[in-house]
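Chain naming follows the written order as A, B, C and D, and within any one chain the residues start at number 1.
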Amino acid sequence: GQSFAEANRAKHAGVGLAFDIGGRDDHSFNEAAARGADNATKKLGVNVKMLTAKNGETEADREQRLTSFAEAGYNPVIGVGFAYSQAVQNVAKDFPATTFGVVDAVPEGKNVDAMVFAEHEGSYLAGVAAALKSKNHKVGFIGGVNNALIQKFQAGFEQGVRDTDPKVKVTSQYLYPNNDKGFNDPAAAKAKAGGMLDSGIDVIYTAAGQSGAGTIEAISKVKGAWAIGVDSDQYQQPGLARYKNRILTSVVKNVDVAVFDLIKSAEDGKPLTGIHSYDLKHSGVSLATSGGFIKDIQPQIDAARKKIIEGKVKVKETP
Amino acid sequence: MSTSTKNPTVDAIAKSATRDKVILAIAAPVLAIVAAIVISSLVFLASGENPFRAYGIMADYGHYSDSQVWIINKAVPYYLSALAVAIGFRMNLFNIGVDGQYRLAAFAAAAVGGAIALPGALQIILLIVIAMLVGALWSGIAGLLKTTRGVSEVITTIMLNAIAASIIGYFLQDGRLAIKDGNLLHTKFLPESSHFFSFPTHPKPVLGFVVIAILAGALYWFGINRTRFGFDLRAVGASEPAAEASGVSVKRMVLCSMLLSGAAAGLVGMPTLLGESFQYGTDFPAGIGFTGIAIALLGRNHPIGMAFGALLWAFLDRTGSRLEFEGYAQEIVGVMQGVIVLCVVIAYEIVRRYGLSLQQRKVGEELAALSRTNNTDKSDKSDNPEVSA
Amino acid sequence: MSTDLKTATKLAVPGKGGRRKLTYPWILLIIAVGLVAVSVLRAVTGAGDLTSTGQFGAALSAAVPIGLAGLGGLWSERAGVVNIGLEGMMMLGSFAAGWVGWQHGPWAAAAAGILGGALGGLIHAIATVTFGVDHIVSGVAVNILALGATQYLATLWFGQEGSAAMLAGGNDKQSPPMPDMPTFTVPGLSDALNTLEGHHWFLVSDVAGILGAAVTNVSWLTLLTIGLFIGTFFVLWRSSFGLRLRSCGEAPISAETLGVNVYSYKYAAVLVSGALAGLGGAFLSIGVHFFQDGQTGGRGYIGLATMIFGNWRPGGVAMGAGLFGFMDAMQLRSGGPTVHALLLGLAALLAVLALLRLRAAKRTQGVVAGIAAAVLVIWYFLADTVPLELVEASPYIATLLVLALFSQRLRPPKANGKPYRRGQGT
Amino acid sequence: MANHDIHLTVRRGTVHALCGENGAGKSTLMKILYGMQKPDEGTIALGGEQVTLHTPGDAIARGIGMVHQHFMLADNLTVLENTVLGAEKLHGIGAGARAKIKELSDAYGLNIRPDVLVEDLGVADRQRVEILKVLYRGARTLILDEPTAVLVPQEVDALFDNLRELKSEGLTVIFISHKLGEVLSVADDITVIRRGTTVASVEPSGTTPKQLAELMVGSELPSPETRESTVTDEEMLRVSDVHLSATDSDGVVRTVLDGISFTIHKGEVLGVAGVEGNGQAELVEAVMGTRRPDHGTITLDGTDLSGASTRARREGGIGYIPEDRHRHGLLLEAPLWENRILGHVTERPNSKGKLLDIPGARKDTERIVAQYDVRTPGIEVTASSLSGGNQQKLIVGREMSHHPKLLIAAHPTRGVDVGAQAQIWEQIREARREGLAVLLISADLDELIGLSDTLRVMYRGRLVADADPAVITPEELGSAMTGAARGHLSAAEEGASEDGTPGDGASHDAGEQEGDEQ
């Protein structure tokens, strides 16, 4: 019979934003992407439609979501999160006239804009801050899931600590070896952080999505310990307002910037394609300063940033 | 159908009995679906939405060809999973472990398939056999523990699911059996020879594995209903002591059906592996084993019933995300699915009980009628109708 | 009348041996031996976290939700209703707690969790008791329904654009955060034990570490849970209500002939079961301050396993949950190295088992245990940590092993899972 | 309809007996009196006052107590817990209750041990617990549904003493039994029920068992008497030195069968008597292969079956009428034709090769229905909708259809009405004439004595005595069943005094010298 696309010939409908599980208000990179799109609505007046993944999705579900957007005339269509990598690659083939964007992955395709971030560079700065702030000379890293993306955070952080103060011991652990639950399990992070704190670690950097709230809570129970947040400026999050004085800083991934760039380019008729790396140099990643807790060490941090930007320090992507 | 009794009324009685049977068989699902629609509508109304517009959107979106292809492709693994669960159900075994079994099986097949390349169909056959063997092996542990140590398979399969996930996690790492691809880890891509054929439908192809699913369903039906083995299996399911006394080795049957269930579970991941992804990665679909339980309940372990169940499930999946597009919360689909399963199991039980008492009453009436007509037989005193069992 | 006429099969050989009843001195002795063993293990392997206050505190909080689910299972199954819907009831509990908690605080959240779980129990009771649906089937249906309902309601109540909940930090998958549940610390004692623990003296510090967990930052809900366990024992085994309830799980038709309204006891049991599971779910939300989709993470099923593990008795369930919580906390807190240390402990345990089996003239079992012990020792010395995956799976493997070894000694309620209809007895 | 137009009047302080054939509706009537079932119409008056009984609770509150035909005890609870269950308000569940139980136990000589688990009790003990339960609730009217079915005559006497004692205290007893001798000896009034209605009320003094029997069935009672002996000297089944032990849930190993040896010849019926629970069921299971003996051999028609599976044994020619047809004989929710396949799925006409032959099975089911007079409207109905007797006839038909060499018949007529009973007996006799060997287990001593060519008595897992059915009386057999007599029981006096060792009675082949009945 007839397919949906044939029956519903599309006109330009706006921007389609497909979130990973977590949804638009995940206080993390979904939220950042949404902010970018909201910005575009405000500044460019484009219409934005957002859809969210459900738990336990398969490739087919993700492809369907992207296809729905493309069919309905949304352009560009952006998949937020590396889970959309394969789906974007497949669907982009079917809709050559539509621009697809994906955050955190590099699928192939002529009409695909791959937005990747130099998390390792941001994490390096976090490492610098952690090394300088730790009184016990012990810092910790908690990853949600032991995958390549999170390993970038670990690698940068460890290098940053080492380069700053070789005496400081870094302990890096993951919540789950390969279960996405790791991004969604604050109780586990709380237990893990508890273990680290008991062993004398007093600064913990957590790259584990929503689970990070667990670390921050555990830290709030121990005097003098600091948490380092990830993705968004967690100091500003309403859900964490109670603990904001224990959030040293956050490694912010400016997904909003990337999303806005893509939308703007498409509106301008020259849609971005290919791989776009949002690194320290291009303010794709940054270290948040809310709360002013790192004011005292800002010079050292700025120095480290400069070295990276100038290429004097090369941050590794794998630990 | 003919009966031995010479009484002419009996034939009519038998016919009406068959008719009742058919009516009762349809009554349960109809009752359930009506109840489910009513309850879902109430949920819609309670959340201030118009249920009929929602159903309209779902029906409309479901009828497009791309939706239908999508639904069929999605239903195939669901169906296979339901089949695996149903094999256990037929003898009162509760294989909650289909999820772990199919994932481990698909992973093993993917790992082997990525490493070797046999020519043509050989490769596909090999991979399917490997998957079935691994699935059977994994469920066999539960079967063995049940037969030798008397541990409930409900518990062991739950534990085995978690352990399977860890095993896969251990091997699915760079340097072990996986390669890194961006942020994903997956096994090596299968060679061309392991790609299963597909039907060139429009706009997307229908997975060729649907043929295997249909074959498996037919085999299941035939095996259960037409073979000695199937009879033994059903006997154990209907009454373990009676089966034991009849000469069935219950332990052997438990082990056998656990193995078969696991082997069927091994197929669940194959349509995806051989038809879509061609590798097993961290994003390989999980949770189909649990969906299979729901669908087996929905289809009452009947091959056709489960086919409808699988299609219904896939339809809800497909059209649910359309609802999201239209501004509804797609999670309503989860509520609908839950309500449908609950209504089905309750409706089925009500209808079953009603049918049983109806039959007993009828038997009583008929025997009374018979004994009135054959009143000459004075020693006829066993016709006390038994109504309560 | 010849009063000594007995069933021959039962008394052909007068009962000798068999299960020794666990009396309090025995239990104390076992605990003492266990403590010494763990201390030795800690000293030998240097895995300090094995007996730390933090470890035991975390173990306790990991054990509470599982234990509550297991206790819920116990209530229901003691009345003859298999409850595989515990997982769903936990979800309802944690959802309800998250929903109420951010507006009315953690105590209201706990109460809401209880009600939410009881609602799940009600559905299960209606299906199984009133309609006679197969218990496992109904339980599965409850799980599916609870999952769907919580996800749907979460989008509606927490994630609605611009709603108060969203502004307070909620989203489609998560409720806004709620305030802290107060904890209690026994002043003085806690610090003293903490100091003692810090000295790393053999046994003394270990005991101090363990006791420290019981007096430092303990959630009131944990205390409540301990009370519920003890209360369950007294209600079910020492009250007439409990006697009636258990009789429904052992011989419902007999109970019926004695004027017990079996339906209402089954209803009561399944409702309590749901309420307990719901409280377990609420404990999870309260612990992390919000409800989250997928928060229960299969704990309902694990609870079911601990119930079987615990032989349908509160003491056993508590032990099972404790063991599971301990393993879980250990793998989460310190990961590979500590679990690695446990390899040695397990090897020692197996060696003892091997000796016992050999003495009981069970050669093959003894030899198998011995070989397993040797393999573990070799493993221990060859590697200095164990893979994260093994660590992650260790609680499940432990449960499986325990069930495989001891399942024969379990005694479920006799009419557990059997359909019961009023007035259909013979 | 189980009951209609029932009229029953019971005088206070009497023992009132209720007789009627199987399935006549006695238990149903009593359940109505006890509030377990509701009558569609009619009234119940207690002490002149009209009452409605909705639940057993109502009945208990009005002083009615019932001892059910099947024990109503929870195995995993203690005697005390079983007793106080539902009546906790009276004396609590602790010391008060224990004291009260002791008092009642002493007063009526019941010998109750309150803290034992019921599962450790024997049949007679359980029955006393049941009576205690009723007394504990202060019942003034006791209903006893076939209390004697599982007791040996000596125990029956003891029970009747108890009943007389209760009567003298002013209690009313309603007593159900098939055993007319008993009824006449203990009852003050007798009511007879047939097909769900009362047909007569008689005084025991002016009635003979024969008259009573005719009232019950409306015709003469059939007897299980075997007319001529058909025993040959061809050995069919030989069981030698079988020993079986079982491990219970507490891990205690118990001997269930010990030193069991016997032989059955073609055309011979070997009856095994014994109080239930003495190992008869396990003996049957050992011969059927559903339980594996620790040692010993079982040989059928020259083939050693000791290691064979149940299926191989059935294929080898063992037919089986199980004791509990609902549990072991039928798939209750399956149609009759599937039940016809059960147990013989590997044999014609049920299957060809590995496949079922459904048309064949159906056709043969119809034959069985016709030939064995199974009253059913068709073969599609489920087994559960047939009455007990018809279910049993179907089982007998099924087993006979495969021309077994050995038939194991465990309580073949239990719960079966008189008509069906006669048919089943006749079928067994007929097959025996054609050379069938039968292992008969029955609690009905008349049936056992009447049908058997040889009798053995089982006690505590051993065959302790043998008897000649031509001369033995039920009383003598009963005393052997309690373990009071051993060895050969052919003459009453000798049998009682002979003190043969248990192994003695078991090991000698009684069958061999007893081909000379009648």
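In this section, a residue touches a chain if its C-beta (ideal position, glycine included) is under 8 Å from a C-beta of that chain, and two chains touch if they have at least 3 such contacts.
A quick map from chain label to UniProt name: B, C = ABC transporter permease; D = Sugar ABC transporter ATP-binding protein.
Since the model is a prediction, treat every value here as computed from it, not as a measurement.
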**Prompt:** Quick check: more C-beta contact pairs in B-C or C-D?
**Reply:** C-D
**Asked** Using mean CA coordinates as chain centres, what's the chain A-chain D distance in Å?
**Response** 76
**Message:** On a C-alpha centroid basis, what's the spacing between chain B (ABC transporter permease) and chain C (ABC transporter permease), in Å?
**Reply:** 31
**Request:** List the centre-to-centre spacing of chain C (ABC transporter permease) and chain D in whole Å, with centres computed as mean CA coordinates.
**Result:** 45
**Prompt:** Using CA atom averages as chain centres, what separation in Å is found between chain A and chain B (ABC transporter permease)?
**Reply:** 40
**Prompt:** Which positions in chain A touch two or more other chains at once?
**Reply:** 52, 54, 177
**Complete:** Residue numbers in chain D touching two or more further chains are none
**Request:** Indicate the residues of chain C (ABC transporter permease) shared as contacts by at least two other chains.
**Result:** 151, 387, 389, 392, 408, 423
**Message:** According to the definition already given, which pairs of chains are in contact?
**Reply:** A-B, A-C, B-C, B-D, C-D
**Prompt:** chain A touches which residues of chain C (ABC transporter permease) in the complex?
**Reply:** 49, 52-55, 57-58, 61-62, 151, 159, 166-174, 176-177, 217, 284, 287-290, 292-295, 297, 329, 332-335, 387-389, 392
**In the complex, chain A residues that touch chain C (ABC transporter permease)** = 21-27, 52, 54-55, 146, 173-177, 181, 184-188, 190-192, 194-195, 197-199, 210, 213-214, 217, 221, 237-240, 242
**Message:** Looking at the complex, which residues from chain A come into contact with chain B (ABC transporter permease)?
**Reply:** 1-5, 7, 49, 51-52, 54, 56, 58-61, 64-65, 67-68, 72, 82-83, 85-86, 104-107, 147-149, 177-179
**Message:** Which residues of chain C (ABC transporter permease) touch chain D once you look at their complex with the stated criterion?
**Reply:** 1-3, 5-13, 15-19, 238-240, 243-244, 246-247, 250-251, 253-261, 408-409, 411, 413-414, 423, 425-426
**Request:** Report the residues of chain B (ABC transporter permease) in contact with chain D in the complex, numbered from low to high.
**Result:** 1-5, 10, 13-14, 17-18, 21, 225-232, 234-235, 238-239, 241-249, 356, 359-360, 362-364, 366-367, 370, 378-387, 389
